[in-house]
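For reference, the structure discussed in these notes is given below.
Letters A, B, C, D, E, F, G and H mark the chains in the order given here, with residues in each chain numbered from 1 onward.
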Amino acid sequence: MKYPIVSIIMGSDSDLPVLQQTADFLSSIAIPFELTIVSAHRTPTRMFEFAQNAHHRGIKVIIAGAGGAAHLPGMVASLSPLPVIGVPIKSSNSIDGWDSILSILQMPNGVPVATVALNAGQNAGILAAQIIGSSQADVLQKILDYKQGLSEKVEAKAKIVEAQFS
Amino acid sequence: MKYPIVSIIMGSDSDLPVLQQTADFLSSIAIPFELTIVSAHRTPTRMFEFAQNAHHRGIKVIIAGAGGAAHLPGMVASLSPLPVIGVPIKSSNSIDGWDSILSILQMPNGVPVATVALNAGQNAGILAAQIIGSSQADVLQKILDYKQGLSEKVEAKAKIVEAQFS
Amino acid sequence: MKYPIVSIIMGSDSDLPVLQQTADFLSSIAIPFELTIVSAHRTPTRMFEFAQNAHHRGIKVIIAGAGGAAHLPGMVASLSPLPVIGVPIKSSNSIDGWDSILSILQMPNGVPVATVALNAGQNAGILAAQIIGSSQADVLQKILDYKQGLSEKVEAKAKIVEAQFS
Amino acid sequence: MKYPIVSIIMGSDSDLPVLQQTADFLSSIAIPFELTIVSAHRTPTRMFEFAQNAHHRGIKVIIAGAGGAAHLPGMVASLSPLPVIGVPIKSSNSIDGWDSILSILQMPNGVPVATVALNAGQNAGILAAQIIGSSQADVLQKILDYKQGLSEKVEAKAKIVEAQFS
Amino acid sequence: MKYPIVSIIMGSDSDLPVLQQTADFLSSIAIPFELTIVSAHRTPTRMFEFAQNAHHRGIKVIIAGAGGAAHLPGMVASLSPLPVIGVPIKSSNSIDGWDSILSILQMPNGVPVATVALNAGQNAGILAAQIIGSSQADVLQKILDYKQGLSEKVEAKAKIVEAQFS
Amino acid sequence: MKYPIVSIIMGSDSDLPVLQQTADFLSSIAIPFELTIVSAHRTPTRMFEFAQNAHHRGIKVIIAGAGGAAHLPGMVASLSPLPVIGVPIKSSNSIDGWDSILSILQMPNGVPVATVALNAGQNAGILAAQIIGSSQADVLQKILDYKQGLSEKVEAKAKIVEAQFS
Amino acid sequence: MKYPIVSIIMGSDSDLPVLQQTADFLSSIAIPFELTIVSAHRTPTRMFEFAQNAHHRGIKVIIAGAGGAAHLPGMVASLSPLPVIGVPIKSSNSIDGWDSILSILQMPNGVPVATVALNAGQNAGILAAQIIGSSQADVLQKILDYKQGLSEKVEAKAKIVEAQFS
Amino acid sequence: MKYPIVSIIMGSDSDLPVLQQTADFLSSIAIPFELTIVSAHRTPTRMFEFAQNAHHRGIKVIIAGAGGAAHLPGMVASLSPLPVIGVPIKSSNSIDGWDSILSILQMPNGVPVATVALNAGQNAGILAAQIIGSSQADVLQKILDYKQGLSEKVEAKAKIVEAQFS
C-alpha cells in the first residue's frame, strides 16, 4: 500500500464492522489509508501521540469512530490541526445512540468534529474522499462518478418497481 | 476580495447571526469566501443551480446553515461533489434544535454532510479552514496557531481563577 | 389501470413494505395510482422533474415515504403545488424514527407536508382518499363506508372478548 | 362572507394566535372559512356534533389546533370523513411540544390526521388550500403564485446579504 | 360474576395481554369487573355511550388502556365523572411508548387521567383496588396484605442471593 | 376545618405554587384537606411516619408533588395502602420535567402512583375528588356540575370568537 | 470472606446479571463485599434499616442498582452518610433506560448519588475501588495496575487489526 | 489554606457559578481544595499533566465540571486512578443539558465517572466529602450533621406551611 493519507481509528475492535465500510469505500476509489485501534479512555497516551503526529506523517484526514460517551473524535480534534470526521456508533448499552451522537457532535467553539450519521461508516469514507477531492481533481471526478452510479442504481430499481405496479 | 473558495449559504436571513461567526473566522485567517441566502424549500431552483455549479466556480468547501426540517445541507450535498458542512440552527418553533440536528446529520449512505454542533457557526468556519489546510501548509499553520491561542487564553483565565481561590 | 390521480413515491426500495399498504388501500377503493422510487439525495434531478410535472400529468395528491434525514416529502412539497403526504419510515440506523419524523414534519412556513404516523402507509392512502373525497361525493361515501366497517370489526371483536370475561 | 368551505377549530382560546395565521392565509387567497372553539375534553358533545355534521354543511377541510394531550384533531378525524389537518401547539406546561406532536401525529391505522409542524398555523392554511386546489384550478394557480412570491422574497433578501458581504 | 364495579376497556384486542394482568389482579382479590374493547377512533359512538353511562351502571372506577396517539383514557375521562386510570401501551410502530405516555398523561386542566407506567396492567388493577379500598375497609386490608406478601417474597429472594454470595 | 380526608404533601416549599391549585380546587368543592412539606430525601423518617399513618388518621387520598428525581410519591405509595396521586413538577435544573415525570410514573409492578400531567396541581385535586366521589354521591354530583361549568365556559368563549370571525 | 467494606444491593433479582459484574470486579482485586436484595418499594422498612446501619457495620461504600422509577440509590443516599454509587438498569418495560437514569441521577441539592452508565455494573465496582483507594495506597496501586492492563489489551488488539489492514 | 485534598476543575470560566457552589460546600466543612480551569479541548496537554499528577500531589478526589460534549471528566478519569466526580453543566447552545449529561455519564467499561445531577455543583462537593468521610470519622460526622440540618430546615418550613393551611 502507498503511504496512507487517511487514518481510520476506532475506540474498540467492536466498532470494526462500521469502520470496515469506511475502509471498503476508500479502497474502492484507491485512496491509501491506515486503520487501527486507539482508545481515548484506555490508551490516552497512545491517543495523544497519534493525534499530535498524524499531520507530520502525511495524513490529511482522520476518521474516528466511537460509541457511548465517545470522546475519541473530539480529543483527536483537540490535538490535531487536521479535519477529523466523527462516526457515532450505536454500541451495546448505548441509549439508542444518543450518547454517542451528542458526545461527538456538540463540540465547543474552537474544536469542530465533522460528524456523520449514526453507524455511517461508508459516509465517513465518502466525506474523507470529498475533502481530498476538494484539492485533487482526479478524486473529485471519482466522487462525481460515484454519485452518477448511485443515481443509475436507483433508476434501475425504479423501473423494476414501476413494472410491478403498472 | 479574492475569488472565494468557501461558500456560506443559509436558508433564511434569520440564520445570519450564526453564520456571521463563520464569516468572521474565515476573515480572521484571510480565507476568501462568499455568503448568501439559498432556501431549499422556497428557492429550489436557485439551490439546484448553486449546488451544481459551485465546484466549477472554484469553491472548495460549502457551508450550509438551516433550522427546523433543515434540508439545505443535505440537498446541496446531493448535488455537489464538494464537502458540505452543515450547521444546525435552533430557530423559533424548533423543538430544542433536535429537528435541525437530525435533518442534517442523519443522511443516508452515499451522501454525507459534515455536521457541526447546534448554532456552531464559528466551528463551521474552522472546519472549512482545516479542510483547506489539509492541502495547504500555510493554512494548516494558521490552524496550529489558532489552537495555540485558544490554549493560551485558557491558561491566562486559569491563573486569574486560581488566584481568586488560593 | 386508468390514469393515476395519486402518485406514491419512496426514497428507497427498502421502503416498499410500508408503501405497499398505501397501494393496497387505494386499490381497495378503486383510486388509480402510480408507484415508483424517487430519491431526493441519489436522484435529485429525477425528483425535480417528477415534482415539477406531477400536477401537469393529472396527479391530485402525492404520497412520499422516506427514512432517516427524510428530505423527499419536503423537497417535493417545495416544487409542487399539490398536497404532499409524508410517511416517516423507521429505517435501519434510524434513531427510533425520530429523524424521519422531524425531517418530514417540521417544515418551515410556506411549504407544508401532511405528515402521518411512523410507518403509517395505510393511513397515507386513507388521507389521500379523503382529500379526493372532499370534492368527489362517491369517494367521500367510500370513506364513510370504510369507517363503518372499522367500527363493525371492533364491535365484533368486543363481543368475543366480553364473552371470554363474563 | 360566503359559505365557509374550511373550518378552523381550536381546543382553547389560548390557541388563537397560532390559528389566526391560518385564518390570515385563507383570507389572503379568498377561501371562505369559519373559526371557533371546540374542546374535545371540555365540550365533548359539541365536538361530536361538529365533527359528524361538518361535511353536511359544505365544509371540505377541517383544521384543528390543540396543545398538550391534544385529542381534538384525532377525535374529529374519527367522526368525520373529511381530511383533518392537525396543528400541534406548544402550550404552557407542554413538554417542549412533544406531547402535542405525538398525540396528533401517531394516529392508529384507519384514522389519519394530516399533521403540520409545531405552531405552524400558516402551513395548515396553505395545506388546506392545496387540498382544495387539487380539484379547483384557480386555487391551484394561487398556490403556484404564492410559491413564486416566496421565491422572489428570498432572492431579494439574498441580494441584500450578498451586497453586505462582497 | 357479581355486578362489576370496575370497568376495563382497551382500544384494540392487541392490548389484551397487558389488560389481562389487570383482570388477574382484580380476580385475585375478588373485585368484580367487566372487560371489553372500546376504540375512541374506530367506535367513537360506542365510546360516548360507554363513558356517559358507566357511573349509572354502578361502575366506580374505569381502567382504559391504549397505545400510540392514545385518546381513549382522556376522552372517557372527559365524558365520565368517575376516576379513570390510563394504561399507556407500547404498541408496534409506537415510538418507544412516548406517544402513548404523553397522549394519556398530559391532559389539560379540568380533566385528569390517573396514569400508570408503560404496560403496567397489574398496577392499574392495584390502583383501582386502592381507590375502592379508600372507602371499603375490607379492600384496604387486602391491599395491606398484598403489600405484606410483596415484602416477604423479596426477603425470601434476598436470602437466596445472600447465601450465594457469602 | 373538618378532619381532613385528603393529604397534600410536597417535597419542597418551592412546589407550593403548583399544589396551591390543588388546595384551591378542594376548597372550592368543600373537601377537607391538610397540606404540608415532607421531603423523601431530606426528611426520610418524617416521610416514613407520615405514610405509614395516614390511613389511620382518616385520610382517604394522598397527593404528593415533587420535582427532579422525584421519589416522594413512589415512596409514600410504597408505605401506604391509600391511592397516591403524583404531581410531577418542573423545577429549576430539571431536564424539561422529564426527570420528574419518569421518576413518578414508571413505578414497578406492585406499587402504582396515579400520575397526572406536569405541574397539574388542579387536576390532582379533581382526581382526588373523583376518587372520593366514586363512593359519595354528593361529591360525584359536584364533579358532574364542575364538568358542566367547564363546558359552558368554553361555549361562551366560542361565541365571542365566532362573532369576531364572521 | 473478611468483613465486607462494600455493600452491593439491588432492587430485584432480575438486576443480578448487572451487579454480578460489580461483584466480579471487587473479587478480582480482593475487596471484601456483601450482596443482597433490598427493594425501596417492596421492602421499605428493610431499606430503612439497611441504609441507617451500613456505616455502623464497617461498610465504606454502597452500590445500589435499580431499574424503572429507580428510587433505591437515592433513598439509601438520603438515609446513609456513606457515598452511594447508583447503577441505572435497563429493565423490561423501561423506556430505553431513561427512567432509570433520570430517577437516579437528578437528585436534589443535599443528597448526591454517584451515578454510573446504564447497566455499568463493572464500572460501579471500579468506582468503589477508587473511593477506597483514595485512602489506601495498596488499592490505589491496584487501580493503576488495572488501567495498565486495559491499555495493554487495547494495544494488543490494535496490532492484530493493523496487521489485517496493512 | 492547607494542602488541598480535593481538586475542582472546570472546562471554562463560564462554568464557575456552578462550581462555586462546590467550593462553598467544601469551605463550609473545612475540607481544603484547589480550583482552576482545565479544558480537555483547548488545553489538552495541561489536562494530561494535571490528571497524571493529581494523586502524586495528595489530591484524593477530583471534581470536573463541563458542558456540551463534555470530555473533561471522562478524560481525567482515563488518566488518573482517583475517583472523578463529573458535573454536567447546561451551557448556552447545549441541548437542554442532554449532551453534557450523556457525555459524562455513559463512560465505557473500565473508566467510571461518578456523575451528579445537571448543574449540581453543591452535590459534587457533598459527594467528595462523603468519599473522604468514608475513611475519616470526623468528616463522616460532618455529613451526618449536615443531613440533620437539612431535615431541620424542612421541618421548620413545614410548620410555617401547615400554619398557613390549617
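Remarks
Going forward, a residue touches a chain if its C-beta (ideal position, glycine included) is under 8 Å from a C-beta of that chain, and two chains touch if they have at least 3 such contacts.
In this text, all values refer to a predicted model and were calculated from it rather than measured experimentally.
Residue contact pairs shared with A-G exceed half only for one pair among E-G, E-F or B-C, and that pair is E-G. Look at where the CA atoms of subunit F average out and do the same for subunit G: the two points lie 35 Å apart.
In terms of their C-alpha centroids, the spacing between subunit A and subunit B amounts to 18 Å.
With centres taken as mean Cα positions, subunit G sits 49 Å from subunit C.
Residue numbers of subunit A whose C-beta contacts span two or more other chains: 12, 42, 68-69, 93, 95-96, 98, 101, 105-108, 110-111, 117-118, 120, 147, 150.
Across the assembly, chains come into contact as A-B, A-C, A-G, A-H, B-C, B-D, B-H, C-D, C-E, D-E, D-F, E-F, E-G, F-G, F-H, G-H. Subunit F meets subunit E in the complex at residues 55, 60-61, 81-83, 85, 101, 105-118, 120, 122-124, 126-127, 130-136, 140, 143-144, 146-147, 150. For subunit C in complex with subunit A, the touching residues are 1, 12-13, 16, 23, 33-39, 42-43, 45-46, 68-69, 93, 95-96. Interface residues of subunit E, counted against subunit G in their complex, comprise 90, 96-98, 101, 117-120, 147, 150-151, 153-155, 157-158, 160-162, 165-166.
On the subunit B side of its complex with subunit C, the touching residues are 11-12, 40-42, 44, 48, 67-69, 71, 74-75, 77-79, 94-95, 98-99, 102-108, 110-111.
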